[in-house]
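A short write-up of the structure that comes next.
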Amino acid sequence: MTSLIPILSLLIFLPLVGALLVFAVRQSGAAARLLALAFGLAEFVLACAPLALDRQAAHFGAPAGFFLYQDHGWIDRFGIRFTLGMDGISLVMVLLTAFITIVAVIASWNVKERQGLYLSLLLALQGAVQGLFLSLDLFLFYLFWEAMLIPMLFLIGVWGTGRPVYSTIKFFLYTFVGSLLMLLAIIALYLMHGAQTGSYTFALPALMHTTVPYQLGLWLFGAFLLSFAIKFPLFPLHTWQPDAYCDAPVAGTLMLASLLSKTAAYGLIRIAYPLFPEASRALTPLIYVVAVIGICYFAWVAFAQRDMKRMLAYSSVSHMGFVALGIAAWSPVAVSGALMQMVNHAITTGALFVVVGMLDERAESRDLSDFGGVWGKVPVLAFFFLVFNMASAGVPGLNNFVSELIVLVGVFKVAPAAALGAFLGSVLTLIYTVRLVQEVLFGKESKPTVLAEVSLREGSVLVLLAVVVVYLGVHPGPVLDLFKAPLELLLNK
Amino acid sequence: MTLTELYCLMPIVITGCAALFVLLCGPLLLSSSLTAIGVTASAAAGIWAAFTAPAPIQCIPGLAFTPLAQLLIPLFSFAAALTLLLSHGYNERRILKGEEYPATVLFALFAMCVLPCATNMLILFLALESVSFAFYILVSMDLNRAESGEAGLKYLLMGAVAAAFTAFGFALIFTGSGTLALSAALARPENRAIISAGWGVLILGMAFKLSLVPAHLWTPDVYQGAPSPVAAFLSTSSKVAAAALLLILLGHFPPMTELRVPLAALSVLSMVLGNLAALRQTNIKRMLAYSSVAHMGYLALALLTGSRDGYAAVLLYGAIYTAMNLAAFGAISSLSFEEEREQLTDFTGIGFSTPVRGGVLALAMISLAGIPPTAGFIGKFFIFYSALKGGIVPLAVVGILSAAASAYFYLRVVAQLYMHRTEAPAPKPVGFAEGLALCAASAAILVIGVYPGPLLEMVETALR
Amino acid sequence: MSVPLSHILIVASLMFAMGLGCVVAWRANVIMMLIGIEIMLNAVMLTFVGGSAHWGIADGQLFSLMLMALTSAEVSLALAMVVYLHRRKQTVNTDRFDSMKG
Amino acid sequence: MEAIIFYILAAILLIGTLCAITARQAVRAIVYLVVSFFALALMFYLLGAPLIAAFEVIIYAGAIMVLFLFVIMMLELESPEKLPKPRLSDWWPALALVVVVVGALAVLLLSHVRAVPPGFTDIPVRQFAYTLFKQYGVAVEIVSMQLLFALVGALYLGRRK
Amino acid sequence: MMLATYLTLMLLFPLLGGLTCAVAGRKLPRVLVESLACAAVFGSFVCALLTALSYTAPTVVTLADWFAAFDLVIPISLYLDPLSLSLSVMIGFVCGLIHLYSVFYMREDEDYARYFALLNLFVFAMLTLVLAESLPLLYLGWEGVGFCSYLLIGFWYRDTNNADAGRKAFITTRIGDTAFMIALAWLFQLFGTLSVTKLNGMGFLMPVSVLTLLGILFLIAAMGKSAQVPLMVWLPDAMAGPTPVSAMIHAATMVTAGVYLLARMYPLIAASQAALAAIAVTGAVTAFYGATCALAQRDLKRVLAYSTISQIGYMMLGVGAEAVTAATFHLLVHAFFKALLFLGAGCVIAAMHHEQDIFKMGGLRRTLPLTFWNFLAGAACLAGLPLTGGFFSKDGILMAVWHKGGALYQSLYFLGLLTALITAFYSFRLVFLVFGGGNGHVHRTSGLGVMQAVLIPLAILGLFGGVLNLPGYMGEGLLTRLFAAIPGGGAVEATHEQEIVMQAVAGALALAGLAAAWLRYGKGRAHRMQEAQSPPSPLISFLANGWYFDALYNVLFVRPYRALAGILWERMDEGIIDDSLDGLGEGIGSVGRRLGRWSTGRVAVYLISFAAGGALILGYLAWLVL
């Protein structure tokens, strides 16, 4: 059954086809919206399909642990193949992508200008991200890694606010520098593997068996790390991020914060760490340091912000620090915590950006001083704002707590000092979160005193997100179980 | 000369005859039929070459239909056909009349067809100089703009000096090796110094054709001054022709290790300077000129490896670069009406007011920046792959970093096209010919970007 | 004849360099620059003829012949351009032909 | 004997060229150049290339130089403001370039071990013609095309709107 | 099996009630929401009683899995032992009453749905905290109560001060929570489990120094939640919330969670004398601090707040003195009488048009007699007048401290006694100022009758709470018997004579305090009232401002934090990091522009560059040959 329907290719190409179709009907806003939503939902259903499969079944020719696998020749000259595979980790990431895209589509219901194009770019971005999460060929991975940038470039640049051009080019250049160096590293690895085994291939499982001299490994791993660290982003390579997050339109910020930063973490887990075990060990202290600095520093800086989106941007990086920390520890508990944190961060931060987008839409401002007493004005929105903020502050019972706890417990075992720094960060996180909540929700009602209440469409998005937030906070077991088998394979290499 | 020999050389014959025919019958025919003749001839030459099996032996003294020619002639024909298609509308809008224009384009194509077939240095040299010579004329052909003539003179002066250098190089090589025939070029260790001096001078001459630093300075002026379709043709085919000449020579001569440092210097300087100088350029044609300096730097990087992979990368990149720059200059030319549209600010909001042309320009920029899934990425990948394989790591790193910086100015164009609130005056719609040319170029960019396998195979075959 | 080849080549080099010097030194004078180019090309011809004589084959001489044709073509085109530009700009000072730069 | 003549001619050639490039007026430069081209033609003859020598005289010393003169006269370029003279500061870089180029070439060419391997041989006109038409027929074609297009270009530029 | 059902229902009732109110509360009629909320809590209380009836021995009940990542397995499991059982009964009871009280107290507020939702959720969280068997679950309750407390303090959010108070509470307690989390992570590293029962049995595996550190981490956690020195600053401000909230959260239940945590983890940390001493010292100092501050407060609720701080200090002292039973005893009794006092104060405030300054009150003895008598009972308990519940519970702690022996504990004992004296003094200061004196005008609100009625059961429990654990000479205590099984739960080994002597001393001190208060505020009332008009003396303001801890923290932490945040952002982030990159970009751009200027437009320059390139290449080749 798995071989009859190429689910993996479909996961990639369905959104791309959707993008083309939506682009084609772009004249009519309503049609484009519905079409985009339909494709989003179809993708989600498709992404759910593997949940029904027997995940223990070994696929012929597939590397261990991958229960869905596709392999086609592509560029024979370099041994580049169109290889896709799905294990528990990628399944979760694919589901996440599908989910966030639906949210993004619904959140961009009211885009005024060129909505068809906007939605089409969103779907194209989704296709690229899905491809990245599924590819088992390093070249393919890189291709998607960079292809992602194009829709994002336009999303920020065309529909952005503030200084969109500056922000989008800054975003692009930053990530581009990193990824080009990564390209060199990929080629070097490929050549080395070819020279050692005589088979020139970009297949990830094969490349894992390359013996890399320690010194060279450091350089190569450094290139990978740089690329991933920029997109993560890790301190101090983050300065593109507040600008980009801030100036992007709602869906753009959502995709950036929820998905694009995850691709970097995914790359570290799936590629960089397993490929260079020794080098990654050597550079781990560095990652600890930047992760901890990131958690605390960004939380601190977030406190100083006046612009809500900018504050959330810093908050988002601060939380990504936990992911970095978990990966750096590279123990089963810590990494599964990191993966969980990736999911939770995507949901929570995404939800916060959506809510802030709604506030922005209503009050036409993101400046904290323009807000106050929102609780009295839009209680429903305020409720969700509060819930998501509390989730972000790590209140137990909501999703972020679980993953942060797992990460911290896991990291404490390996590197207590780093974990202690992160604990400090959790206090700082609360400080800015509470400030945000207070300045927006509490206090005297600011002008305009009447804001439109949440519409059905907005409400459905918020409820959807909140349900996931609570579900993952209360019963994250199924998701964590999915990580187990792949992590065992990855970490025992 | 037997029929099969003629058969092999038909592209040359077709293009040469077409050039003469256009020149002779020009006054009697409409400009559209001249274009049609030109395009047909180019297409015929290209298709003929593509579907003719290469013959290893000389067809007639001095010429052979080599595998390389089988790859390059269709490429040049493609570029020439697109140039003619683009020029048709452009020339009408800019009131450039006369049969001289298509005839000269065909003459350039004729010389280009000869070049990869040449089996000795004299033919090579003459073909190359004829290509340049055609471009001297084409560049200065816009009588409405003083810049055009000015650019032509500058190009000619520089070109003549460079030709002198090239010729001097050939002279020294000839003096050292005692033959002009490529196949018989022998290593004469006792004359190595003379030959290497010849190579040194020759490389500089080639640096001019490829516009490598420090022989690049003419490039921005000439691109700016030339009519846009000519700039498209000039920036693609003439460079590929020069690169092909170097490939042919390097392929036949024993490796000259002493050339590594000068070539490396040319390459690295070009990559860095080209990309940096383009950063703040506000004239898009000049910007593309600096960009072409940088891209030729990448080419030189691949040449430097001296390996088969490197040469394959050169050819592939040449083909891809042809598509990219044709699209870029093609879009610019199709957007130019009474005035040449060349300032960056002239493109504000064009991406939305003319979606196709704006889209093609944006696609070309993205491809030039080397972002997948466009052809530019495949090209860049191959170049840096061969560089790493050839062990020139520091240069590769410098190159890749400068390539990263280059994204800035390409994206600036994209931003200008789509991301500004104000809008420049929207251009009028264009004709079928230009649309066809733009579509062909962008289709090439996308197809090569997604499925480069066949082209890679062709490149491999060409080097066999 | 017993002139060493290297002497011929040195003479040619000197001439080539002088031509180059002429082109460089007469920086704005397009006529003198063209003359410099002629000098350089003549040096090249001398080299070819020397090489030809050295190896006893006619190829070098042929190259020289072709160079002459090439040169005359170039010169005629260049002079046509000079005339054309003079008509437009009333000058042949190349330093004044700097409407494009940067 | 021939060697001595060769060196004398070389001296004339170089001095003539030097005079030409340093002449104050273009017309004088052309005259100097004609002299040196005559010397060059003689050298060609000495080197066994009588045909080239003849062409040198006819084409260079004759046609091309006359063309130059013609243009100079046509554009009335003899007035000083029309043709700028190099300043002294322009000569230094030129000189430096000349020194470096000549020096480098001299080093390279003189390191050439066997200076006179087979000796100079006269190349009969017959051999020349044979090579030209048997081996390089294509070259003739290309050059003819090129000359044709030089004509085309010149005519095009000469066209008045 | 029944036990599991009871426990589940005990938690589910308030949770579902809270969620229903939160989600649908605004759409439902007011009465329905109110009765739903009350019913949920009383249902929970009934379940607690049923649990108590069917309780036989300590049991662990695992309800479900929460999450599991490799060896980190966290179940949702509950632990029922005398400690949690007695607390959950108390919580059910007190919270139920306070819910009822709230119905009338909040009569005029529009945001009833939010109020009751939070109240119910609070009960859920508190019960979770108490019943949790795995530490992360305990932490869930721990943070849950903090979260509800945060929102309830800032319930009247339109006033920024209220919101600020909530924020302060949340952040200050989070500092303690972090210590808790660190302890949690460390415990997992050490023992590989986070189950309370397992951990408590494994303390001996670790060196004492580790246990000391763990104890101190738990102590810090308790400091935050229970408002102990130095993290006590939030509690007085927390009085900004509605008075029932203060009664429920900031007096009876949540603030004692710290004591509960220490009692819960006592078996683990008991091996470390240093940790116990730290706990004891913290408790005694806090008790003294709170009592002194309470002396000078003018706000009715702030007096009670400081007294709460002080009383919890006693409980901590008890835990530090290895008297978990006594501490729990005091915790329970305190819950009753402090809830009573707050609710009484609520009646007063409601009757006084939300006037809280005790110097503007007086004469309520006559106008609100029921409140007066109940309040008096509460004050007597607080002061530790002999034979009240407070008397026995406080005395149990002091006795344990004395019996622990050693110079440290003996000095703590005397500090405790001094504090008891002060406590008695300020309790009656309050009574005399509020209820004594001339006639006061009151504003009769509709619900006042019911509100006053709620006080009665609490007063009875407070006054006769002593029977829960009578001292040895009066027969064995109920709690002592219950707690005998758990470590630290044993009775203090003391002779009856000693007990009697010590209780006599304590009783005498309480009476002395009462007398002093009467002298100063009963007889000298008019004089004091006049004094209150003039600016306070330095000592009074020192005490009134809580020893100026707020100001100190403001200078030490808050302002530097704010300032540094700004500096980090503008100087560091936007400045050094971003500007240096922008500068790099700018620099590269201008280099590029300069390189572009090489193209001067003059062909001579092009030629000379070209020629120079040739010269360089030739020069290089020549150099190679040389």
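Think of it as A, B, C, D and E in the order they're written, each chain with its own count starting at 1.
Everything that follows uses one rule, which is that a residue touches a chain if its C-beta (ideal position, glycine included) is under 8 Å from a C-beta of that chain, and two chains touch if they have at least 3 such contacts.
For clarity, every value in this text was computed on a predicted model and none was experimentally measured.
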Partner chains shared by subunit A and subunit C (touch criterion as defined above): B, E
Both-way neighbours, i.e. chains that touch subunit C and touch subunit B: D, E
Chain centroid nearest the full-protein CA centroid: A
Pair exhibiting more inter-chain C-beta contacts, B-E or C-E: B-E
Chain whose average C-alpha position is farthest from subunit A's own: D
Furthest chain, CA centroid comparison against subunit E: D
Cα-centroid distance, subunit D relative to subunit E, in whole angstrom: 101
Approximate Å spacing (C-alpha centroids) for the pair subunit C, subunit D: 6
Centre-of-Cα separation between subunit D and subunit A, whole angstrom: 70
Between subunit B and subunit D, centroid-to-centroid distance (C-alpha), Å: 31
Junction residues of subunit B, two or more chains touched: 122, 126, 129, 133, 136-137, 140, 149, 153-154, 157, 161, 165, 193-194, 196-197, 220-221, 281, 405, 408
Residues of subunit D touching at least two other chains: 93, 97, 101, 104-105, 108-109, 111-112, 135-136, 139, 143, 146, 149-150, 153, 157
Per-residue overlap in subunit C, given as positions that touch at least 2 other chains: 5, 9, 16, 19-20, 23-24, 27-28, 33-34, 50, 54-55, 57, 59, 62, 66, 70, 73-74, 77, 81-82, 84, 94-95, 97, 99-102
Which chain pairs touch, all of them: A-B, A-E, B-C, B-D, B-E, C-D, C-E, D-E
Subunit B residues within the subunit A interface of the complex: 352, 366, 369, 371-373, 377, 381, 384-385, 388-389, 396-397, 400-401, 403-405, 407-408, 411-412, 414-415, 418-420, 451-453, 456-457, 460
Residues of subunit A touching subunit B in the complex: 74-78, 114, 142-143, 146-147, 149-150, 153-154, 157-158, 160, 164-165, 168-169, 172-173, 176-177, 180-181, 183-184, 187-188, 190-191
Contact set on subunit D toward subunit C in their complex: 2-3, 6-7, 10, 13-14, 17-18, 20-21, 26, 29-30, 33, 37, 40, 43-44, 46-49, 51-52, 55-56, 59-60, 63-64, 67-68, 71-72, 74-75, 77, 82-86, 90-91, 93-95, 97-98, 101-102, 105-106, 109-110, 112, 115-123, 127-128, 130-132, 135-136, 139, 143, 146-147, 149-151, 153-154, 157-158
Residue ranges of subunit E touching subunit C (in the complex, touch as defined): 596-597, 599-604, 607-608, 611, 614
Sites on subunit E touched by subunit A in the complex: 22, 26, 65-72, 136, 139-140, 143-144, 147, 150-151, 154, 157-158, 160, 162-164, 166-167, 170-171, 174-175, 178, 181-182, 184-186, 188-189, 561-562, 564-566, 568-570, 572-573, 577-578, 581, 585
